[in-house]
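Letters A, B, C and D mark the chains as written, and numbering starts fresh at 1 in each.
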Amino acid sequence: MELVNVLVFGLVNSAVLALTAMGFSLTFGLSGVANFAHGGLYLLAGYTSWILANRLNLPFAVSAVLAVILAALLGALIYRLVLMPVRGIVLSEVIATFAVGVAILELFRWMGFVTYEFNLRPFVKGSVEIAGVAVDYQRILIIGIGLVLAAGLWYFTRRTRIGLALRGMAQDEYTALSVGIESDWAAALSLALGAGLAAVAALSILPLGIISINIGYDVLLIALAVTVLGGLESTTGLVAGAFILGYAMTFTSTYLGPQWMEAVYMAAIVLVLAVKPSGLFGKSKELEERV
Amino acid sequence: MVKRGYRKERLDRGIKARSDDIFAIASWRETLYLILPRAAVIVSLLAFPLLKDVLGHYWQNVMLITCTIALLALSWDLLASVGLVSLGQALFFGVGAYLAGFLSRTFGWTPLLTIPASTVAGALLCTAILFPVLRLRGIYFGLITFALPLLMMRMIEATKILGGTEGLSGLPPLPDITFELYLVITAALVCAFGFKRLMDTDYGLVLRAIRDNDRSVLASGINIQWYKAQAVFIAALPGTFAGAFLTHHYQFVGMPAFALDFSILPLTSVVIGGAGTFAGAVLGAFILVPLSEVLRAFGTLRVVIYCSFLIIFTIGLPEGIFRFIERKYHQFERVVPLEEVRA
Amino acid sequence: MRTDPILRVCNLSKRFGGVNAVYDVSFYLYEGETLGIIGPNGSGKSTLINLITGFVKPDSGKVYFRGRDITGITPDKAVSLGIARSFQLVRPFYNMAVYKNLVIPLYSPRVRKLKGGKYGDRDEVAIHLLEEVGFERDSQVPFKTAGTLPHGYMKRLELARCLSLQPEVVILDELFSGMSMSEIASMLPLLEKINREEGRTLIMVEHRLRELFRVVGKVIVLNFGMKIAEGTPAEVMEVEEVRKAYLGSEVEAGA
Amino acid sequence: MKRLLLAARFIFLAAVLVIGAAACGGKDEKKAAPIVIGVPTALGSIEGADSLRAVQLAVEEINAKGGVSVKGEKRPLAVVSIDTREHEPGIPVTDALAAVDKLIAEKKPNAILVGAFRSEVLLSSMDLVAKHKIPYITTIAMTPDFQKKVKEDYNKYKYMFRMCLNAPYLVNYLSRTMGFVGKEFNFKKAYIIVQDVLWAKGTGSGLEKWLKDNGWEVVGFDAYPTGASDFSSSLGKAKAGGAQVIVPIFDMPQSGILLKQARAMKVPALMAGFISPAAPGSAWKTFEGEVEGLVNLLFEIGPMPVKAVPRSVQFHESYTKKYGQEMGAKLSGHGPGPSYDAVYVLAGAIEKAGTLEADALAAAIKATDMEGVIGRIKFSDDHQVVYDVNPKEAAIGAVFQWKAPGVRVPVFPETAAEGKIELPPYMKN
């Protein structure tokens, strides 16, 4: 019973982590930009959907679609306005996007989105019993969405022409130019796709609780943790990282006590990286192998 | 087609101290030209504590925090010149802060003893903590260092050591604010000029070489890990000092000593000021911290405005303010008629 | 009765992802000797050097230096013992002045132990070394940033870096590639001086066989990671396998 | 050059923004030498923002009646606030203290109300306040160490008072609730889930001790780090262990997940404790009725009107009138009540002392005895307002239960109760 509980919710937690980090990982894999505005975009989508549904009384589905589109547009805009002038200076990219993310989050705080009333509707209500453990449909849906998106992402970057070209560009711009893709356009697209994925994640995960601003900061940390553990640019790594952390958390929480959850989580990252510095599935950038 | 017009021409004044080339200072005027900017900074910083009646207690406190962040920024800049990009300066700060708290709580030492002791011991401890991950490069090293302070925080929270979530309060204070100011300002100045001098020696050359091309350094018979460890130790010194110092200033140390702000602020200071110059790091801190204080008037909007400034600076002056000023100081512009250009 | 060989390589092997980069290679070299390592592209020459100098750890086999086991030693330790190498793809410290490039090796524990030296002194030593490898006297070249050097000069800088370490064994990885005939011609006396007058043991990996054979007394030939021949240049070129492997690949490369 | 132009344009835009904001932000309405009340707290937090609004409400009321008389002269009250951002992750204590410092140095407040949000900020700002000798009434941070420190060095810290309750009182309310539940429904098994912060853990372990002493079985006691977003392990254990009551003690928004997850996992237990998002009146709508049956603490009354304390009803009405129906419904369960009262305590003390001098004022505050929103206000020797169960004798917190169709029914203490704890619908069949 307890084991079933751990297995089921470990899976749920892994899916939540994977979904949360997916947008960040995609953007990094396609354009090499570490988008530290990820958390800001995530919450932006959540709040936008809430405002549209509760203030303008739009149907939930419409509000969700609009929120995803808005996040994607903003992602592209961030590239155009903020990232393009500092393209290639990694530190400036990180700081600029981090500042954008914090600005988004704190703008919502200033506008008074700090109270406890921001609740997104789950896609489906109710729960079902799996081997004696009751799980709600929303969590099962999260697993499903996570799986579908991860598979889609893998297919997109490995099998489609445009995906391959985009990925090629992250390594070598000439290749991409020869396929006829303009570098800036592609990078903007990768930011937009990443932001869109962040929005999808927000709309499926946020209904589990209520929306609050500090979640935005946590989301960025989760995205970093998962992708670093798995290897920054790899979809397989993303899934592996999410599973390791998700189950590590659930196991720790059940058998060691929840207060150890984050300590174990952090220790796992530090340990993995100390042994395999570029993450589980990342391309190694160690000295020995560059010679 | 023939275009006529004027263009601006930039000329180098050609007076620089300690460049890679051989140089000679010819006259008093040129000596003054070189020394004046440095002297002005040192004098005005050292004069600051004397103005306590004019500026009041609050701005003195701001000065303390500014210098603290400047120290952490200097530490960041030194690490970066060996090629280690840290996203976790809070580690140094927190280790120093907690060591000072621990030493004075357990052994009852005075701050005059705990500060130097925890500065050195803290730097050693940080070096030991970071040693296994020194072979990581680029963003991976950054992300590990990002995680380490958070890990420390969680460890203290989970194990309840060193006061757990409550922290240690009621620690002994330093004599008075003037003393504190002189201590921290001197530390910042010594680090800024000392680091600059250090990087100009052959030793510093080796450190810079490790960042540029570690393969050749290795083939030159130099143990990279060992030199990186030394660099981490040196870089940790100002950080642990800052932590120990603020612990005694506030007579309190707690989990927020590992707070994200202590990682982010130094980093942004360097980016604003200009990396690799040390003076830029200090300048950045002296812009960002007071700016953030001035912006307090805006309440919760403050952070948004602050972030906007940050974005503008990073986009507008990617080389950093210090390099910009330096260039302007060493060059003069004049307008010359444009030669005929055939297009 | 001679002493131990200065360098002895026994059954060295290394696999990269299922491919034998170096397989069961053995040779030895006495102090003051010269050795050429030749073979077609991808035959494992550079890997062999990486294995000896510690940049890559071997899967099996041993390396001895003056009878002492140095298998899997770190590169900086190898230098400390007196084994210096150059790289095929030269990457100097682009942002530093040329002579400052040499201050780095001059700062190494080996040189400090042998010569001492302090800040400022090393600059002079560096400039002197540069003159030795053929940088014109009194020119401004040593004071330019290394990134602006033409390729031939970069190669010489790389050689100067090796020599600055006062090594007992000098391993040069394709020193001549990218150099003009006249440049190579000017290098040959220098190499002879290093070997004959200064008594340093010399190992050269080369494609330019004719020039190589003027310097080295002994040659080993690699193909697909395996040693297929060993001997004096004349002996080696008589071996059928060598001619086939070498000419075959040359033809392929030409096609 | 182009880049510079770009930068210049951006800086210009930013300057316009700043100046514009400054123009909007400036609100000077100085009359004859107002008495300045400083409010340094986390204004971005719900507790901090509501507390500031409550203080402003009280100040307006007092000013409408002409102000506070000091030695016969009627002087108005003025509020100056500063945001300390304490509630945000990654903000060091030093930053919050710098804000307090700035407020003191620049606005020279005669007294400070509301004050620190986090316990460690409260503790570390005590020395600062002692140095400046400013009467300080704190209404949010709850650490028991505050009283310990006041007791240890009374002369130094005598300017500091606390009007919100602290952990021991919470234990008292919760244990009495549990006593009632145990008797009424014959429950004997409880599961405690707390946030891994000082006050919550303190409350949790205090309650655990009481439960064990009174014949309960504590099935489990888990502490979750702030920001945790999955509670499946504890809920699973609670369900498997047959816990009849789950005691959650959380003041983070993510505890909303706990509430929803307990329903999703069909845990057949009564929830009785503190979940901050479930405290305001708007929670029924937010959680779409899933809060039904939840027994929740209200740290201090005021945000929820209790008929037995007329001032609380009055407060709620005037708050709703000033800030609107919606704001009234969102009022935080912790902070606003005592913050509102603190202004009246201060005003009363000033009139009684007849001076703004700190020592006299502190003594006058210490001697306070008045009817407030939170009940009867009296300070103990260690400068903590006494909380108990009878609003005629002491300040009270309250325990309420969410009942259909979305009302909060006070169920404890008996003196203020308007209903009884009932089993939620999911436990009835």
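One rule holds in what follows: a residue touches a chain if its C-beta (ideal position, glycine included) is under 8 Å from a C-beta of that chain, and two chains touch if they have at least 3 such contacts.
Since the structure is predicted, the reported quantities are computational estimates derived from the model, not experimental observations.
Comparing the CA-atom centres of all chains against that of chain C, the greatest distance is found for D. With A-B and B-C as the two chain pairs, more C-beta contacts join A-B. Mean C-alpha positions place chain A and chain B at a centre distance of 32 Å. One finds 42 Å separating the Cα centroids of chain B and chain C.
Taking the mean of the C-alpha atoms as each chain's centre, chain C and chain D sit 74 Å apart. Here the CA centre of chain A is 49 Å from the CA centre of chain C. Touching of two or more other chains is recorded for residues 3, 6, 44, 89-90, 196, 225 of chain D.
In chain A, 85, 106, 109-110, 259, 262, 291 are the positions where the chain touches two or more neighbouring chains simultaneously. In chain B, 154, 157, 215, 218, 224, 264, 299-301, 303, 308, 311, 315, 318 are the positions where the chain touches two or more neighbouring chains simultaneously. The touching residues of chain A, counted against chain D in their complex, run 1-2, 5-6, 8-9, 12-13, 16, 85, 106, 109-110, 112, 114-119, 121, 127, 133-136, 138-139, 208-215, 217-218, 249-250, 253-254, 257-259, 261-262.
Chain B contributes residues 85, 132-133, 135-140, 143-144, 146-148, 150-151, 154-155, 157-158, 214-215, 218, 224, 264, 267-268, 271, 275, 299-301, 303-304, 307-308, 310-311, 314-315, 318 to its touches with chain A in the complex. Looking at the complex, you find that chain A touches chain B at residues 34, 82, 85-86, 89-92, 95-96, 98-100, 102-103, 106-107, 109-110, 221, 224-225, 228, 232, 259-260, 262-263, 266-267, 269-270, 273-274, 277-279, 285-287, 290-291. Considering their complex, residues 56-59, 61-62, 65, 154, 157, 165-167, 169-170, 246, 250-252, 254-257, 259-262, 264, 293, 296-303, 305, 308-309, 311-313, 315-318 of chain B touch chain D. Listed in rising order, the residues of chain B touching chain C in the complex are 20-21, 201-203, 205-206, 208-209, 212-213, 215-224.
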